Every structure is written in structure tokens, then in C-alpha cells.
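Encoded as C-alpha cells, here's the structure I'll be asking about.
In order of appearance the chains are A, B and C, and numbering begins at 1 in each one.
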């Protein structure tokens, strides 16, 4: 692998982490969705080495990722946000400063864990494992830390992005068909979530999940 | 060694003389203390100069060994500040205790001298049993000193808390020493040097016992809870000594025990480093939230103990990862910080004491503009504030600098984990430094600058109080201006390390010295330039810019609470303040107010529930207490019988 | 020995003359850019020189509340800034004060200057100045860890604890292999630069409302030569921290004191223009959002450290 490819890949991975931090920090869901879109586009660059090696599947996968994660899902989410009028992150359990610092701690741990994933070949493999782990954990953190359903969908998407990075790291990409299937599953999930959130909002005029406590017996 | 013993003898004579009372008595005792300290400092200096330990042995009609005292360079580094600060505090107490009734003064003098002597004995003694005796004497005498104003209920509460905390620590040390003594077959420290270090887990257990036991005295978080209670309650010269040197005996004990335990594994360093980071950051955060100046200073002791622990942790990590040079820098920084903290914290407590003496309040919100009435106290307090904030060219910077270099070296040369620890420590030190500077601009600015907030009359403290502060301030400046000289005199004998590490440290510190000289030279040049440029210029006086408002009052000044409000807001999850606010309402608002109090996190979160649980458990056994003498005799009888039968069946 | 001492003194004086001569041009450039953006003609680029000269020729008015602490503030902050300038290498040569650990002294000298600026502000007893001091205190103590971690990442790459080594030719090689880490550090340093120099989006040097200022409000009660020293000190701070940033982003290859100096000056001029652009296109952040920005910058330089720790050596 040539030096510039390695360099680009590590740059992309670093940017993925930075989008994580941005999403942890931001107080507006629309900004978070924009960052998720950017993250999706960044991820579509990751199969670059395979694509350069002349694999048409990789090109297809990159295009699919770009369209689904970078365009379609963000569009759905923006529509959901507008239809529910829930633009701001309200009363998260951890404030932006605390959650960014926690995200940083997660990153440090992930680097320790990512280096332990066996089978590293390329110099950026350790980085990939670390970034994947950090992104998965970061998505979980966001899901835990948001009250509104939109926030949880965003967290879920980030988590899924992390899984994608990890899968590329561990198996040099899952078989092409499975990868695509996952992509469409996620798209489907996002659509269902969107419809769900909208109907919940229409019913209760809020989507605050912490108020679901009332449902227990 | 003779000089040291004679010096201690003079201290004791001075203390006993205190009991006889008389109007001039404190001055006599202080004079004896000063002469005794001079002798003791001479002895310490001699040991530091030659590097050879001096010892003294005498037979002792008690089991477990003999009287064995020795001054090696490590002891000498701790002895020097004890003697210096002890003598200065003794002089300070002449003015500070003036006007109290004779019996109270006599008691204070006696106990204070006892405290000083027992601290000296603690750092010199080489027998575990004797160490524990001296340790206990130190605890009891300081406890009684805290209780000097025992008519106030919060003082009694503070004393009680101190007594419990210090004895919990002593319990751990007792277990540690008993265990080590059993393994070594002797209670003499010299025999412990070659302790069988075959079992790593045992050494680890010993380290943990020492960390908790000595940590309780030193004031590591969360066993620091007694500090912010006891320091404000004690008379100020006692707080100066307790905070400046007594808590350092905990550091001494820890360092001494670690030298017995053989090569440290990495987790010891990590443990000390975490203790240091948590103590440092939480200490300074809670200091920010305080309005009682002595309580604030007590929290800063927690912070500075944290910095010392960071240095020691760095030294252990350096040893564990085979980075000798980093280890040397860490240890040197920690030990120098021990000395420096004694200087500036002693100075600051004395300054707070002068203010308390002059105005009768410790609440910074009631003070203001004191620099005009108390110029000597104010100026020395400013020097102490700048030193404790670690600003160049003062002494606090030198020791923090060495600790920084230690962690930079660890992060540069070590494996990733070690590097991460170094990075965490560097970020922590930077945050601590910034917060400490903020805290001391607050306390100095609110107390000494601006205008008076309440009509409290104040006048400068007597010479017996200002002179010790001036000496301490001068020492802070001297160490700051001549770091290479001070380090080679004070610290190098302890390090006993490869000469090239010492050479590299000397070269770095010489550069720091040179930079300080450049900075000071430039400052002086600018002062002269400024004076020259002001010749014949009109300089007039007016009011502070009031934004056009025509009736400003001194109550409009920024208060300490408002100064720290952004900090409290940001660190709210850690400080968890109790706030009481009455916001203004409507077009013609009535009086509005805002108050914040920060209760200690450890007291509220850990020890409160723990002791509450112990109490409920103990209350279940209350039925044992009958109040009838016969029942109690029955208990005695039953116990005896049980013991006898136990003996019989064995 | 005397020859060495004389050389040392000469190096120091040369550096100071260079800094003092060049520093005041940068705020002028930034101001000029801003006026260009808003369609004004704006003050001449050299205005700050004239301002300082004018202030030095004036008398002054002191508040009756103040003490000598107020007078000490400008002297100390100016001296500290000048002392810090001795650690930045300007051409390809080593800086006059170069030793293992000078970067710590560098960071702490700004702390010294800040401490005395804040106490001088509190000396007036004005609520506005107290407010400014309080804000300065919290923002700078959040910027400090970012600065030192940034230094750590660079130091680990350079294998040295001295600014002159950090910013030496070796940086070019480091850019070729650890570009992501260096980008992160540079971004964090840029935030630190804006914070320390009280620039938008952290502070607005041109605001006219005392309630919203940070740095400007702390020096309200200074006048005449004292104010001149303060203005000069902030120009020097802009110059020195800017030089640090420029040298990280654009390493200077080699040469003597003057070689590469023109590149540095061009870079600084570009930075000043960039600051002007940022100030024209952005608004100041709400005060409550500044800690978030500073935390992000801390996390960025921390991430740089992690990357450099994780990199195989």
C-alpha cells in the first residue's frame, strides 16, 4: 500500500473521531445529523485500498455507503427533526463538557483495546481498530445520554458506523453481499425509527424516552 | 547528632518553661526555640553537606529494641523545614497569642513545643515502636492544640474528626509495622532495609497499608477530610506548622517505607499518581469554592500533597520502567516541593492569621482593601500566593518544573501506558496550576485589594508576626532565584544517584536560574524605565472607572463568590454546591442574594454514610449498656471466664 | 567565559530588538483586514506604534482605591512576555534561552503575566474588572492543559523538551509521517492562540460594552505609559504565540538568525490577516460555550498525544 493511501486512511479515521466529538458536544440535532452525514461520507472512503486494488465490489460498496449513510439517512433524520419540532438537545444527563471528556477517556481506552485486536498487517490497522471501538462506545454514550428519540437514533447510527470500521479492520471487509445487506437493514431501521418517532410525537406531543418510566407497572 | 539532641532539649525546656506562665514567657520560649532550631538546622545542614548519616543509640528498658535515632539526608530534608517553620511559628505566636489568658498561652506554648519535638523525632527515629510513640505524641499534641479554642462547638467537632481520622491512619500503620516487624524479626529500621522481598504480593499489601495509613496523615483524597476541619479551627501558627510540616511526616513515612520494599512494580507508581491527581484536582476545586480563608488554605494543602504524590508516583514509575533519570527528577521535585510547600503554606497561614488577628474574621467576603492597612502582611501574602501558584521566578515553580520534566521524560521514553500516565499527569498539573492561580488571585484580590467591604478596623500586625512572614517570603524568593544552588544543597544528597543524572538536573536548573535572572533583570530595567518616563509627568488621583454611575459603593465590588461562580458552574458535577439564590423579580426588585456552599465530597459521599452505618450497627448493641454496676462486673467476670476457658482448651 | 556571556547578551538583545520592532505591526494588520471586510478604510497598519508612542508621552490618572499592585501589573506582564519571547527560535538558529524543559517555563511565564494582570484588575475594586479577571482565570486555566499536551505531542515526536528542538528542521520529517497528529496539535494551538490573545470567538477586543469584555475590561483603569506597556505586551504575546503556531504549521528549514526570518514574518502577517478574517466572519461565542470550545481543543491535543503514543517507533 502506498504511503499516500495510508496517510489518507489515517486522516479519514482521525476525522471520524473528530466528528464523534463534535456530535458529543453539539446542542442541536440538525448539526449532529450533518456530522453523521459527514461521517458516512468519510466511511465511504475506507474501502479505498481494495478499490485501488481493482475490486469493483469495493467501489460499489463505497458508493452505496456514501448514498445511504451520507445522504439518505441524514435526509430522513432531518425530516423527522422538523416534523417533531425537537431541534435542541434538552437536559442531557451529562453536559457537553463532561460528555466530551468522557468520550476522550473512551478514546484512550479504545486505543489500548484496539491495539489488542489480533491480525494487524498494515500500519494503520491498530488505528482502525481503535477508532472502530471508540466509535461504537461513543454511539452507546450518545444513546444513553439523550432523552429524545432522535438523539437515540443518531447514537445508533454512530454505533453502526463503528461496527462498519471494525468489520473492515477485522476481516478486510465482510463479504460484499452481507455488507450491502447490513447497509439496507440500517436504512430500513432508520426509516422505521423515523415513522415511529413521528407517530409517537403525534400521539404524545413529545418523544422524551425518560418519561417511559411511567409505563412500568 | 549532639547538636540535634541539644537543640531538641532546648525546645523541650522552652516548652516546659511555658507551663510556668508569666507575661514575658512566650518570648523566652520562642528564644529557646530559635536557638534550638539553629542547632538543629546546623545538624541537618551538616548531614546534607557530608551526605553521611549520623546516628545515636541508647539502651531502653522496654521490649522490642533500643532507642535508635539517626539523621540521614532524607531525614535532614524533612528536619530542615520543621526546625525553620517551627522556630518562626514560635516567634509568631508571641504576637498571635498576645492578649489571651496566661494559662491558655502556657498550654499552647507547651503543646506547640511538644508537637515540634515529636515531629523531629518522627523523622529521625529508626525504631518502629519508637516511631509509633512519637507519631502518637505528634497526633495528640496537635489534637490538643486544635482544641485550644474548645468553647466553640465547631472547634470541638473539628478536633473530634481529626482525632478519629488520624487514628484510623495510625491503625493501618500499626498493622503495617507489626507485620513487617514479624517478617523481619526486628523493629529496627536498619534491619528492614534487607527485608526478604521474595513475595511481591506481600510487598504490594505493605505498600497499600502505607499508602492509606500515611496518606491519612498527609491528606490524600479521600482521607483528607480532617484537614479542612482541623486547620481552620487551630490557632494560626499551629495551622501553619500542621499544614506546612506535620502533614509532610506522612510523606516522609511513605517514602521511608517504600525504600524498605525493594524495586517497585509499575502499579505502585500508578496508584500514587492517581491519588495525586485526584487529590490535586479536587483539592484545588474545593479550595476555589471556600470563603473561609483558612479552610481554603487547608484545601490547598490537599492539592499540594497531591502534587508531591504526583512527583513520587513519577519517581516510582521511572524506576519501574527503568528510566532512572525521570525517577530522579520526580523524586527531586517531590522533595523540593515538600520544602517549598512548608515555606509558602506556612507564610500563607501566618498571613491569614494576621488578618484574623487584626479583623477577627476569616470570611473573605467581609474583608477588602487590607493591603493599605497591612502592607507587610499583604506583600508577603502576595509573594506566598504567587509561589503556591507555581509562578516563576518563585520557589513553587522550581519544584513543579522538576515534576513536569519527570513526566515529560516518562512520556517521551516510556511505553504507551507509561506515556499515557505521563500525559494525564501533565494535563492534571497544568489544570491544577491554572486553578490554583485563579484561587489565589481571588483570595488575595478580595482580601487585600479594592475597598473595604465592611467597616472592620484593621492595623498592621506586630513585628513578631510580620518578621517570620518576611523570612519565609525571602526564602521563597531565594529558592526561586537560585534553583540550582538550592537543589544541590537540599536535594542532591538524598538522591544518591548516578552523577550524570544529577549533572543533567544541575544544567537544566542552571538554565532556569539564568532565565529567572533575565526575567528579574528585565523587570528591574522596566521599573527604572517607567520611573524615568514618569519624571515630571502629571500623575493625578481619581475614582475607579464607574461606567458613569455616580454613587458607587464598596459593596458593588466583585465578591469572591461571584469571582468563582463560572468555576462552580463548570465543575458543578464534582463540587455539587448547595446554592441559595433569590433572583431579582419585577421592575423594582427587592433585595436579591446568592450564596453557595461546598460541602466536602468525601465527607458527604463516603464517610457520612459509612459512619452512619456504623452508628446504626452499634446502636443495636446499646442494650449492653445497662447502667448498673453489677451488670458491668458480670461482664468482667464473664470475659475472664471465657478467656480462661479458651486458654484451658488450647 | 566573558566572550560567551557577551555573545549570550548579544543574542538576547538581538531577539528583543527584533520582537519589539516587529510585534506592533500584527494587531494593525488584523484591524486593517477587519476594516477592509466591513468596507471601511480603517486605521493605518502602523497605528499601534503611534498609539504606544503617544501613550508613553502622557501622564496618568490612578484610582484612589489602587495600590502598587496596579502599577506592578503592566511591568510584570511586559517582562514576562519579553522573557517568553526568548524561547522561540526565530530564524533557523536556536533561541537564546534553550534548555531541556524550556517549554514548561514558556507556558508558566504567561501564567505569571496573567496572575498580575488579574490582581491589578482586582486592585481597582471595580465590578467590571473583577468580572473580566474571573473570566480570564477560567478560560486560561482551561487553555493551559491544551497547550502543554500539545507541547507533549510535539516533544514526543522530536524527542526533546526544548522549544528550539520542537520547532527545528526535524518537524519537516515529522509532518511527512505524522501529519494527522500534527494537524490536531496545530488546531488545538490555534484555539489556545485565540484564547490567550483575547480574540474572537473567545473575546472581542473591539467591544464597547464593559459587561462583555474579558481582557480589555481588566485594563480599564490603566492609562498613559502603563497602558502603553500593556498594549506592547499584548502585541508581543500575539507575535510570540503566533510565531509558535506559524512554525508548527510551516517548519523553517535552516540557516542563521535572519535566514528564514522573512518566512516567519510573512507567516505571521498571514496569521494576522487570518485573525482579521475570522473576526470579520464570526461572532463571539456565548460565554457559556467557551469552555466547550476549550475542552474540544484540549481533547484535540490529547488525541494528538494518543496518536503519537500509539505510533510504532
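The rule is simple: contacts are C-beta pairs under 8 Å (C-beta built on N, C-alpha and C of every residue); 3 or more make two chains touch, one makes a residue touch a chain.
Keep in mind the model is a prediction, meaning the values are calculated, not measured.
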Relative to subunit B, chain with the most remote C-alpha centre: A
Chain nearest the overall Cα centroid: B
Rounded Å distance, subunit A centre to subunit B centre (Cα mean): 49
Cα-centroid distance, subunit A relative to subunit C, in whole angstrom: 37
Set of subunit A residues in contact with two or more other chains: 97, 108, 111, 115
Shared interface positions of subunit B, touching two or more other chains: 416, 420, 570
Per-residue multi-chain contacts in subunit C, two or more chains: 291, 302, 306, 309-310
Complex interface listing, subunit C residues touching subunit B: 12, 56, 58-67, 69, 71, 75-76, 78-80, 82-83, 86, 97, 99-102, 104-105, 107-109, 111-112, 114-115, 118-119, 122-131, 133-135, 137-138, 140-142, 144-145, 147-149, 152, 155-156, 159, 161, 210, 220-221, 224-226, 229, 287-288, 291, 298, 302, 305-306, 309-310
Residues of subunit A touching subunit C in the complex: 7, 10-11, 14, 17-18, 21, 25, 96-97, 100-101, 103-104, 107-108, 111, 115, 123, 126-127, 130
Subunit B residues touching subunit C - in the complex, by the definition given at the top: 368-369, 371-372, 382, 386, 389-392, 397, 401, 404-405, 408-409, 411-412, 416, 419-420, 422-423, 426-431, 433-435, 437-438, 440-442, 444-446, 449-451, 504, 507-508, 511-512, 514-515, 518-519, 522-523, 526-527, 530, 533-534, 537-547, 554, 556-558, 562-567, 569-570
Residue ranges of subunit B touching subunit A (in the complex, touch as defined): 416-417, 420, 570, 573
Of all residues in subunit C, those that touch subunit A in their complex: 179-180, 183-184, 291-292, 295-296, 299-300, 302-303, 306-307, 309-310, 312
